[in-house]
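Below are structures written as structure tokens.
Each of the next two complexes has subunit A plus one other chain: subunit B in the first, subunit C in the second.
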Partner chain A sequence: MTTKITRRQFAAGTAASAALLAGSAPFNIVRAQPKALKIGSIHPRSGYQAQLGLACQRGIDIAPRVLKQLGMNAEVEIMSADTESNVDIARSRAEKLINDGAQVLIGAFDSGQSAAIAQVAEQKGVPYIVNVAAAPQITEQGYKFVFRNFPTAPMLVGDGLNLMKGVFEKSGITPKTAVFMHCNDTFGQSMAGAIKAMAPRFNLPFQIVETISYDPQAKDLSVEVAKAKATGAEMVMPVTRLNDAILIVREMIKQRWEPKIIMSPGAPGFYEGQFYKTLGKFSNGMITNVPWYNPRSSITQKLLDEFTKAYKNEMFELNVGFSFEAVMVAVDAFNRAKTANGKELADAIRQTKIENHVMAGGTLEFDAKGQNVNIRSVTLQNLDQRPKVVLPLEIAEDNLALPLQSWSKR
Partner chain B sequence: MPIELVFTVAVQGILTGLVYGLMALGLSVIFGVVRVVNFAHGEMMTIASYAAIVAFGAWNIDPLVAMVPIAVILFAVGYMLQAVLINPFINRPEHSQFILLAAVAIIMVNGLLMIFGPDARNVLVDYALDSIEIGPLLVDKVRVITAALALLIAAGLFAFFKLTRTGRAIRACADNYLGALVVGLNVKKLYALTFGIGSACVGAAGAMMTLLIDTTPNLGPAFTLQAFVIVIIGGLGSMPGALLGGVLIGLSEAMSGLFFAPSAKTMFGVGILILVLLFRPQGLLGRKI
Partner chain C sequence: MISRLVDGVPRRALILLGLFLALLLVAPLLVDGYILSILILVLYFAYTGQAWNVMMGFAGQLSLGHSLYVGVAAYTAAALYVHFGIGPWAGVWLAILISVACGLFIGFLAFRFGISGVYFALLTIAFAEFTRVGFDHFDWVNGSGGFFLPVTQYSVNDPLNLRGAPVMFYYILLAITVLAFLFCRWLLTGRIGYYWLAIREEPEAAQTLGINVFRYKMIAVAISAGMTALSGVFFAFYYNNLFPEQIFSMSRSIELILGPIIGGIGSLFGPILGAVVLTVLAESVTEIMHALGYDIPGIKQVFYGLCLLVVIIYLPNGIWPPLRKRLGLGDHS
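Let's turn to the complex of A and B:
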């Protein structure tokens, strides 16, 4: 007897088989052990923040190699995206990275861009580790998938103001007046808000006689510097990005303004490679109170060796360190969770406890809000055209040199 | 507020404004004659800046010297651009011209990004950080030099258009396209020449700019926008208007930064633009259409 299969029966059978396969496929995917963690690295690699975004990217790119040397199973695939220094593009690139398969996001140097990426990550249920960005609201929204291994603006300012007192004590120079200059982007505004709120509590010995805000993309800051100079302040407290830091110092030289101290309470600019390349001998003397790598840590030394081999002409600084640590956190959590599932990976990140790491401070761990509260700032001073730790004394690389040397005598 | 501070800032604003004016002059010349709005204006200026940076880096040539060959090269680029690419679009709708030049601008920005990367570059000549004392005023030496050169170039351009046969022929094309054709002028060649002259202005301004600001490939769109604001304030097609617009923008930015919030500087420039559009749409020195 022969069984005849009709066209309709064949079509129905095919459809049933397809449905069975489609139905079972997701279970297969869930059961499969992912071999490599797909990390979406999202930074401003063009536009006015490009240099800093590229510094972060270097820290990410070098991380898998160094982690392997440290004995961590680091099967990692890095997927990179450029935010073009733009908040809206940051949001759309984060969505694209996730759609392309990124299982964890790391970025984005800028607070505004990081806040936009955090919304996307939370919505899609993909863990997001903020490597550099200080606006406090990023970890104040009750997000479950957002973690930050970088101090908030109040943490930066708190440490920065405390360290200022140390600088005055050590140098014997205490200014009576200061002018506060800050860029008006999300980071600059957060820092300004934190300083306004916290300065009275720190009983600082100087009075802030003028606050000047400006566009960080400005091509000329001569008016701002002239206005600051007119106050006759003994200290300049700048919260800058890179380009504006260069512009401010250039204008100070042109306008022959020589305050006793130029000290940032915790902002980029003065310790960036481009700052030294552009200003040469005029880059010396500026002080920044900022989270920094611990030069005594064994991991720092390993990372520094690899970094120097890979990027001979680039500077090893905090953006590299924090970006490396973000990958370290992701890989550590992936190894413990043994899955790239968003929720389980986020839970594992929440349990992070890394004692030996790169940046100065205590154990690398996150509080209930996803914030690492153990990071500590150091006092850096530009000496011999590179940043050197001058405080705290236990990890100091050189002695503090104040007052600022005259521009004309350099 | 100390009066010398106000004067110092005002002088700085006027000097910066003159360089802005030179930058916008090229755009105004091209529009005044060819009636094509060059949306790649800022990008061409950025190319000139990079040429000056390369000349300084490779052969230690001061941008103020390199400015001459760069202007000549930009003249040739502008001439070819008009002759080969834009002339076929002259009688097409304005949106076609806009898309064409916007595409050229994007290619230029991305080309610069590929060649030079996104890092800011600058030229640090010996006198870059010098200042000149004039009584109680302290004025940036580089700004004084660049503003003086901007005035010199503008004066040369005015003289060319007023006194030479070619300049008069170009003005004839601008005044009456059909009439110029009837009297036998080679209009397309004169258009290419005009685009070349406008580009040469941009080349000179771009080389000078390297002494004032750091250059990145993404500066182009910002320069284009600023040049537009200046020429609209001064009057599209008016050469003195471009210089006046530049000085007004430079001065308004400086004074608003001093008396109000520095972060509101751009807002005041755009505020002037809105006022001009409301009360004198043809621009301060522009002709009523």
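Let's turn to the complex of A and C:
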């Protein structure tokens, strides 16, 4: 049996319940200022970006003890959160970290997630240092608490194309033709679009005779490589992920295609640990223009030593370096500001001027928008089955070796 | 109208519903920013779950591509706002219209040519996927580089332009979730609800009884797509950035339907309960692990998996139907 209730009864009940619940609101609790700088590290540590998010996390985790060795003695507490590779979760996790007392946020590898976190940081007045994310819009919103120590997408592509000319000049080999192969996921498409738009400005000496896009999940790229080979191009310009980079090189070996140069304008794949493990001596020779650590920096050497001790099976790469630098920026600002107050800390970050740091490029500092515009890509070449900086010459670890060595003579 | 909504509903159910609504109304006064962001997620999933439920729970048409409607509407409203300065409450109508048109097109292809069940589900995935690929190349909204809405400061809430603090978004979302709940109740208690029930249970028998199966399936698709579109507009203005890979992804479609599946497909309160279970409990699991000193990335996904496993094995109709019986709330919610 059911009993009907009137609208008035329903409304009265609702209002009474609301009043009762509102009356039970807890008192606001004032938190004491902690002595240590609490850094909220927020990265995708599960989901499809987990591998890269974990690399960033390693850079964050190792930073406090390396910074202590460098005389940056502030107490640092790292609080970590997982965005689950999801923009919705990134936002709520940023709220959580700030609620738990994080005084600076660092993250988040992905542009969408970083943009969501930036809104929370700005709203709460907590400085946020973007360690890895390239969408230019993140620092175009007029934020006062958001800083980025990573190149924007146009900076990445511009540097990648510009360095090509340096490679041709240094090696004395200038290809007349190139074939552009790129994966057709978001990253690949985005790079392809940027290259198409920006290439004319750089007066590149070669002509792109064919553009071949493919699915990065493909298990076989023999047709794509055969098509590329048929163009007779002197240079291959790939924008890859890891698996497709391996597949492309394997196919080139199988099909006995030996272009003079294989040079990526800026993409993962060739410099990743698994690439060397899988291809061994055939991994040598490939070139990538990418933001990278400065091997000549004393800080890099210290960081590398600690990293190798802590993570024997992991590779030290750009995500680790940029994440470390983000902590470095936060600690440096904290030491100068002598407070973790959001506004004062943000002001101190804005005044950052770090000459000696890890990643290649000029002084680590931020412009009025909060962007570090001094980061520069380098030319990496796979030599002795590891990535080595070959350009610019002032930080080069080895000599550029071109043309590509014949597969059969390795 | 109101009598139709509450007709036959036990007094106890209405009181509990009132208490629950009251709790949601005062929640922002009681909680901090983090919990508020979780509550926004709960409402978001409750609302989109409710929208999906119209198609699957009421009319029995399985869609695994609802991210299509979220994405298309999100991009439409965001592009109108960024390129032409048209506010979200004006843009939402075009967003809904386009989403409904997409839904009707898919529905027409499927229902006119007898595609149903798993094949219909595959068709919905296909449309979501190729729309994603299309948007990857759609330069007007910056393709795969992501489309960003200008973010303004939070000092003033501007509900007309959906610019403001999270608490404003919370109340807007609460309002549309409540309206969606009432709308679905109204649909279910009307003729159309009974037609859908017949189509869901036995389409051939429904056809024999004179129900225009094609027409009522199309209506279900249109309503579901239109409701889902509203959540897309909310998403665009709350997160202020859109990437095809994220908003049209298959995982987003799955995320949207987990709530109703776990809560109880076809029931009104199922999607809400499912959203609460998945979001609040999953967050709690993460927090408990943190409190115990374990930092386990992905523990939430494990929790989702376990929830699904338990529901599929022990509660095939979802959590809400048995709970409803236990609470003595009859068969109306």
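Here is the rule we go by: the second predicted complex is superposed on the first by the 263 of 410 C-alpha atoms of A that agree within 3 Å, B and C clash if a C-alpha of one lies under 4 Å from a C-alpha of the other, contacts with A are read in each partner's own complex, and residues count from 1 in each chain.
Criterion: a residue touches a chain if its C-beta (ideal position, glycine included) is under 8 Å from a C-beta of that chain, and two chains touch if they have at least 3 such contacts.
Given the structure is predicted, the values throughout are model-derived calculations rather than measurements.
Contact with both subunit B and subunit C is seen for A:Ser46 once the two complexes are overlaid on the shared chain.
Counted by residues of subunit A touched, the larger count belongs to C, out of subunit B and subunit C. Judged by the touch definition given at the top, the superposed model places A:Asn99 against subunit C, while subunit B stays out of reach. Applying the stated contact rule after C-alpha superposition, one finds that A:Gln301 touches neither subunit B nor subunit C. Residue contacts after overlaying the shared chain place A:Gln137 against subunit C, while subunit B stays out of touching range.
Legend: residue contacts after superposition of the two complexes on their common chain; A:Glu122 is shown touching subunit C, with no touch to subunit B. In the superposition on chain A, A:Ser111 makes contact with subunit C only, while subunit B stays out of contact range. In the superposition on chain A, contact is made by A:Gly193 with subunit C only, not with subunit B.
Overlaid on A, the two complexes show subunit B and subunit C touching the same residues of subunit A, namely 45-47, 50, 54. Against subunit A, in their complex, subunit B makes its touches with residues 1-2, 5, 8-9, 12-13, 16, 113, 117-120, 122, 124, 129-131, 138, 140, 212-214, 216-219, 222, 253-254, 257-258, 261-263, 265-266. On subunit C, the positions that touch subunit A within their shared complex are 2, 6-11, 14-15, 18-19, 21-23, 25-26, 29-30, 32-34, 36-38, 40-41, 44, 136-137, 139, 143-146, 148, 150-151, 153-154, 165-166, 239-246, 283, 286, 295, 297-298, 300-301, 330.
Across the complex, subunit B is touched by residues 45-48, 50-51, 54, 184, 212-215, 217-224, 226-227, 230, 242-243, 246, 250, 253-256, 274, 278, 280, 282, 407 of subunit A. Subunit A makes touch with subunit C in their complex at residues 2-5, 7, 10, 13-15, 17-18, 21-22, 24-26, 45-47, 50, 54, 80, 82, 84, 86-88, 91-92, 95-96, 98-99, 111-112, 115-116, 118-120, 122-124, 135, 137, 140-141, 143, 153, 185-187, 189-190, 193.
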